[in-house]
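Across the two complexes that follow, subunit A remains constant while its partner is subunit B and subsequently subunit C.
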Partner chain A sequence: MTGAVAPVDLPTTTMGQRGVWASLRKRPVFWICSAVLALLVVVALVPQLFAGLFGQPDPRACQLGDSSQPPSATHVFGTDLQGCDIYANVIYGTSTSIFIGVLTTVLCLAIAIVLGTIAGYVGGVLDRLISRLTDVFLGFPFLLGAIVVLNSVGGRSPVMVALVLAFFSWPTMARLVRGAVRGVKGTEYVQAAQAMGIPDSRILARHVVPNSIGPVMAIAATMVGSVIVAESTLTFLGVGLQSPSISWGLQLSNAQSYFSSAPHMLLFPSLFLSVTVLALITLGDILRDTLDPKGRR
Partner chain B sequence: MQRSRLALVGAIAASALAITACSGGGGDTDAAASENAISYGTTDPQLLIPGRQSVAFDFNMAVWSPLTFLNNDGSLDYVAAESVETDDATTYTITLRDGWTFHDGTPVTAQSYVDSWNAVAYGPNAMENSGQLANIVGYADLNPAEGEPTTTEMSGLTVVDDTTFTVELSGPDGQFPLQVSQAMTAFYPMPETAMDDLDAYNVHPIGNGPFEIVDDYVENETIVVTAYEDFAGDEPTIDQISFVPYTDEATAYTDVLAGNLDVNGVPANRLTQAEGDFGDRLYSFEAPGISFLGLPLWDERYQDVRVRQAISMAIDRETIIDVVYGGTYEPATAWTPTIEPGTPEGICGEYCEYDPEAAAALLEEAGGFEGTMEIYFPGGGGLDPLYEAIANQLRQNLGIEATIDPSADWAEFLATRTAGDIDSPYFSRWGALYPSQQATLRVFFIQGGGCDNCIPFYSDEVAAAMATADADPSGDGTAYADVQELIQAEFPAVPLFNETYSYVTSERIAELVTSPVGNPTLREIVLAD
Partner chain C sequence: MSEPLLQVDDLKVEFRVGADVVPAVRGASFTLHRGEVLALVGESGSGKSVSALSLVGLLPDTASVSGSARLDGDELIGMPESRMRHVRGDRIAVVFQDPTNALDPVFTIGFQIGEMLRRHRPSMSKAERQERTLELLRMVELPDPEQRIRSYPHQLSGGQAQRVMIAMALSCDPELLIADEPTTALDVTVQREVLDVMRRLQQRTGTSILLITHDMGVVADMADRVVVLRRGLVEETAEVQALFDAPQAAYTQELLAAVPQLGSPERPVPEASEPVLRVQDLVVEYKVRRGVVRAVDGVSLEIGEGEMLALVGESGSGKSTIGKSILGLAPLTEGSVTIGGLDLATASRRQVREVKRSIGVVFQNPTAALNPRATIGDSIGEPLHVHERMRGAALSSRVGELLERVELPASWAARYPHELSGGQRQRVAIARALALEPTLLIADEPTSALDVSVQATVLELLRELQRDLRFACLFVSHDLAVVDALCDRVAVLHRGRVVELGSRRRVLMAPEHEYTQRLLEAAPLPDPRAQRARRAA
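== the complex of A and B ==
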């Protein structure tokens, strides 16, 4: 759940520093995660290149007569209840899942940076207002809220699901940004810039935002993973994506009833889901560790 | 958690599970008494009484006895009635058997029936099943279009003596004896006390059937009924039935598999595995239910009859039945389910047979199909696999860009369909309460028949033919073939399947007995030794 992205101690170093990259590139896990993610991103961008690898390029070419077949030479991952090739579906599902994960996170980041910066930099009444607003959203049970909203909207396209997820996920990140901005605001170079009479907009753009965004990026990587899980959870519960969308959550949801008779229908989408989420969360952890060596436990 | 534990405790207590190895401690007298008891999985009914229930058919058929009972071979038995006779198919004389009593000891008289039917039909009582009585003269007086009714009695009902009364129908109807059969619960009798306080009666229903309710009904708790000692009809084969409520049918299914529950219906998504799980303890009963693919006849793309026929021919019913329904359904070949007597099997002919090439050619001849198709159906009910399969076949066989579009819930679907606000094929099915072609044809093809816009094809010609067939005194249903021919020529929808209702039983049940309404006849259930 995105709600589970726990507020963390904020790293004080920033992405731009040379030491970060040097430390990152020495860690093999970083390279493994990056390679896995790079591959998944390529798959997501051009699924048609990969889907055809085993001779079944069309995820919607389904022969009902071939229903629920176990993996074979023709269908490497087997077929689902409708007789569709599971491999092609999993490949096309990557697109949807990663699209939703990235779109939601970008939306959250955008809201969080704007609101967090205002709250952290301007302070005063605005800070209190924004902070209470995030409190209200954090106090709302995420799953319940998402189910209610998704049940009341009409067509549930990937964009709609991403919007709903973003609607409930931005507050955690906004708090992080606010904290980071407050930290940077107190530094001497910012105070110096203020003393020199440089306009606030320029201080924000040149000094505050670039220096506070680094630690947030680490959390964002973790968040993409959480969002993908959240989308699958909602879809599994029947309130997320709907056919004709192709997504891992939808495949899991369709396969659950037939688990005892055709477990392969459940296995492959969940395998891809787990690997993707594991890679994203590990990457987020590594980034955080590197940015904040003191925070390692 | 609390609820399911209660349900489980109830099931265990009532059915005295045959897990002999686990039943520690002797001298348990309850266990001996309930050896002839079974437990039966249900949805929590809320409404129990005959005029209002919608998911308590099995409870009703246990606690009440119908006037007539239709057997599997199509013959009609008289249960609470001694005879149902007519000379002109318009006025029926019902003679009751002597000596029948309600569970509270009061006698069942002709007056009980007349009072009950009046109470059910009385508009302000807002009884859900009152429509079953709509053909009786005077029904309209109790249900005026606006305002309060000026009378509380239907003029078509006349008490002759204690055991005889007459029913006058608004038009000749040879199927009336079937309309008072087992599943038409609105025709069940209620004792005099019920009429004073219908809400209290719903908590503790009193009927004239083989079983009486033990305790007051409490929501989401097991309902236990035991054999009524002074029952005047045939003695049931079991002493006690516990109706155990489940919110998830899949849980109930698993409980039957584990032996914690004796009988339960099979949820749609377990049909494919039920035979493997239960073998010959899976019963699929032929039922008077039929599925169509409804077509939006108000959309100009569906005006050409060839388009409608092409859609029908592009659907591979056999394979869908095998994959989605575990082979338990039968492809429809007529406009009513085969179990309804006199159904002209095969009237649909080649148009109900899978022939993708011919379908594509026919569509081509009709000028093709423009735009997309989003098959609309109630979401959340496990119907997705069926409509996804149909959409895939239409896409692959006819080249139509077909997808599925489940509604948020049943209420939304119903409102949309009733308003006729759909531009794609849609869900359309009906399970009749008495196996007569009349029951199916009336709801689908007579305006206001009960399934609005299920098949939006209402013509005076069909209505006239229906009236003629209804009046046919033979009552064997052959007269409805003429109606079906009119419909076949127009081909207003796509006949899909004759439905079956499937049940699984624990090892304690030797044989589950059914009747043509598709439900098990619990009072005739055969227990294993």
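== the complex of A and C ==
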């Protein structure tokens, strides 16, 4: 029993605007996250605007003589092993990293929602088939698979890396969608809709997917971050992006062996990565809360 | 009169919900004497459970409790947790509503009772514990206790599990037993058994019982005195007989008047007509891991235009399954379901969809039956949108009409289900069921999740709508008094078979089948004198 008391009087006015947007814009954290992400998107789109702010606009203008310099007036974030300006590299790397992170997540989401919903809602043979398929992919050693695939394809562009990452990361999400859909399928409002003769396509679109998507969206937001990290792992192993590409992952993998002597090389790219991931996760949480009418105020 | 065992003065409980503070109990005072059964009665949100749980410090961290509650002189409110642990289980024991969830599924019941003794009676030897456990199981009249002591909770029925819970509660001879809706989750015949056991135990051991319930029948059966709570305030305290004979507070009068009672007068019966629904030799079987479960076993029934047929029975009798198989939500293993002359088994998909337009459905739990992410207007409008291709202004005006039909303001269409109370949600579900002007309404326990005063208004609404719109109605229920107030004919189900089918007054006033008689016997009468007379008989 909860402490809620049922209202007895019936006020006849409606409660004003309570859409998703009306609720979102009242939350300061939403604006902070959006501002951070918007800034990152602008940086990704026009890096040249920001790279020159501290007098070192070109990430590829490297002077080996300036190798591993700590932050100074000329190089605000210091320089890396090759003597390249870390600030300019971080700015130019934003575009690649965010592109790979977002594209991979969107691809995963698309596959996971389609397969997970079919498995969860239709059930039976299709469910067993799809579930076993996800198990096979889950059992596949991710790094080994990625190395084999990336070695056998020709160009390793950011799109290709994103495709390969998506190819190996959708199963976890598909399982999540399947579980959520199965839960919603058993609810009485779905049964009521079925009993009313509402077509399955509409039941899926109006009742099942909106009610099962919440937790998946929150995971998707965190996934962008882990994909950016995965890209850096692949790059470190020599099968991800290749120079002259610039990405946070490349910077991190180049810097990790020099952490004790030149910590700034690791610090600044990872700072950007953390802020991006934090903003995405927080935004994911806020979205999940507001997409649920009970979370709106 | 002796010194009271429990003296509660000006008890206040508040919950912090985000930035708000919601009062749940707003200054309740009552006393419980030794050997007495005191009933705390009220509807949901009245603060009856919260009051009782605050005595043993079982409220969540968001609650703040003030006031005073003295157990034999010891102040319970604000007692440090280290001392409270000795009070709980040892001096005050609690029995909860749902016995199957209150027992740990991975331990035997013998182990779980033994655990209580190990905790509170550390000096007992293993053999003594075993002996005491058996004695307790015998006390709650569990059949075959030597065998049962090694059973796991899932091997017990609901009534047996609740008896084990009571045995566990009594293991340390508590001075006070708090029973929080102890029989609400149980079937009426099982409730009868558990109440019998509790009564006999109380007479034998003299334990004081604080009984929390919403059921006036249980109050009449068990209580010596009654405290009526409403919105966290005590409305009335009285001896049980005095309360039922001459309730003082207006609220108590309303509450008692809302309780449905058997013995509704004769009503006009709708004229016989071509049946809207005909179910013949229906068999529904579910495949389970080991073999097949036959949920419905050869049921035949008919409902004519404007007629209301009740399907009554206990859990597992197959009554809900019949409703579901008519809606196409359960497999139809054998037999036929004919709606408006169309046999569902042989009809084409398109025909089935056409037929479904003429069926409305209302489920038991209105909270679960409405999509939480859709406004109530969208929910009501959905069948119109899909089947009638209604859009825009026509749709919203029709939704408004339907809302007004169920006595809700039309402007509420933009609200979400969680902004409504349970009764209002059920009205929305009824409005949705009626959107396509169905010829058949299937109502599966539509009022059993509602408070009794709300139930009365929803039943009144259903009766009125049925009189105006003349749909046939299959009314699934376990509550015979509700059925008596509403339906024309009654079918009694037992283990998937119809054991008795006839007009309302014939079945309820002069039952022929032994099971129907047992059902009627078991429901406690909301009248202490009548209930005593029945017990004496």
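Quick notes on this one:
By definition in this document, the second predicted complex is superposed on the first by the 192 of 297 C-alpha atoms of A that agree within 3 Å, B and C clash if a C-alpha of one lies under 4 Å from a C-alpha of the other, contacts with A are read in each partner's own complex, and residues count from 1 in each chain.
Operating definition for what follows: contacts are C-beta pairs under 8 Å (C-beta built on N, C-alpha and C of every residue); 3 or more make two chains touch, one makes a residue touch a chain.
Here the structure is a predicted model, which is why all the values come from computation and not from measurement.
When both complexes are overlaid on chain A, the residue A:Ala61 reaches subunit B alone and has no touch with subunit C. Shared-chain residue A:Gln82: touches subunit B; no touch with subunit C. Contact with subunit C, but none with subunit B, is seen for A:Arg206 once the two complexes are overlaid on the shared chain. When the two complexes are overlaid on their common chain A, residue A:Asn254 makes contact with subunit B while staying clear of subunit C. In the superposition on chain A, contact is made by A:Gly238 with subunit B only, not with subunit C. The partner of subunit A that touches more of its residues, comparing subunit B with subunit C, is C.
Residue contacts after overlaying the shared chain place A:Ala193 against subunit C, while subunit B stays out of touching range. In the superposition on chain A, contact of A:Ser274 is made with neither subunit B nor subunit C.
Of the two partner chains placed by the overlay, only subunit B lies in contact with A:Asn151; subunit C stays clear of it. Looking at subunit A, you'll find no residue that touches subunit B in one structure and subunit C in the other.
Subunit A contributes residues 60-62, 64-65, 67-68, 81-84, 151, 238, 242-244, 254, 257-258, 260-261 to its touches with subunit B in the complex.
Contact residues of subunit C toward subunit A in the complex are 15, 22, 24, 44-45, 47-50, 231, 327-329, 352-353, 356-357, 359, 361, 363-365, 368-374, 379, 382-383, 386-387, 408-409, 411-412, 414-416, 418-419, 421-424, 429, 432, 436, 442, 451, 454. Residues 1-7, 10, 12-15, 18, 187-189, 191-199, 202, 206-207, 210-211, 291-294 of subunit A are the ones touching subunit C in the complex. On the side of subunit B, the complex with subunit A involves touching residues 250, 269-270, 272-273, 276, 316, 319-320, 323-324, 379-380, 382, 384-385, 388-389, 392-393, 395-396, 403-406, 408.
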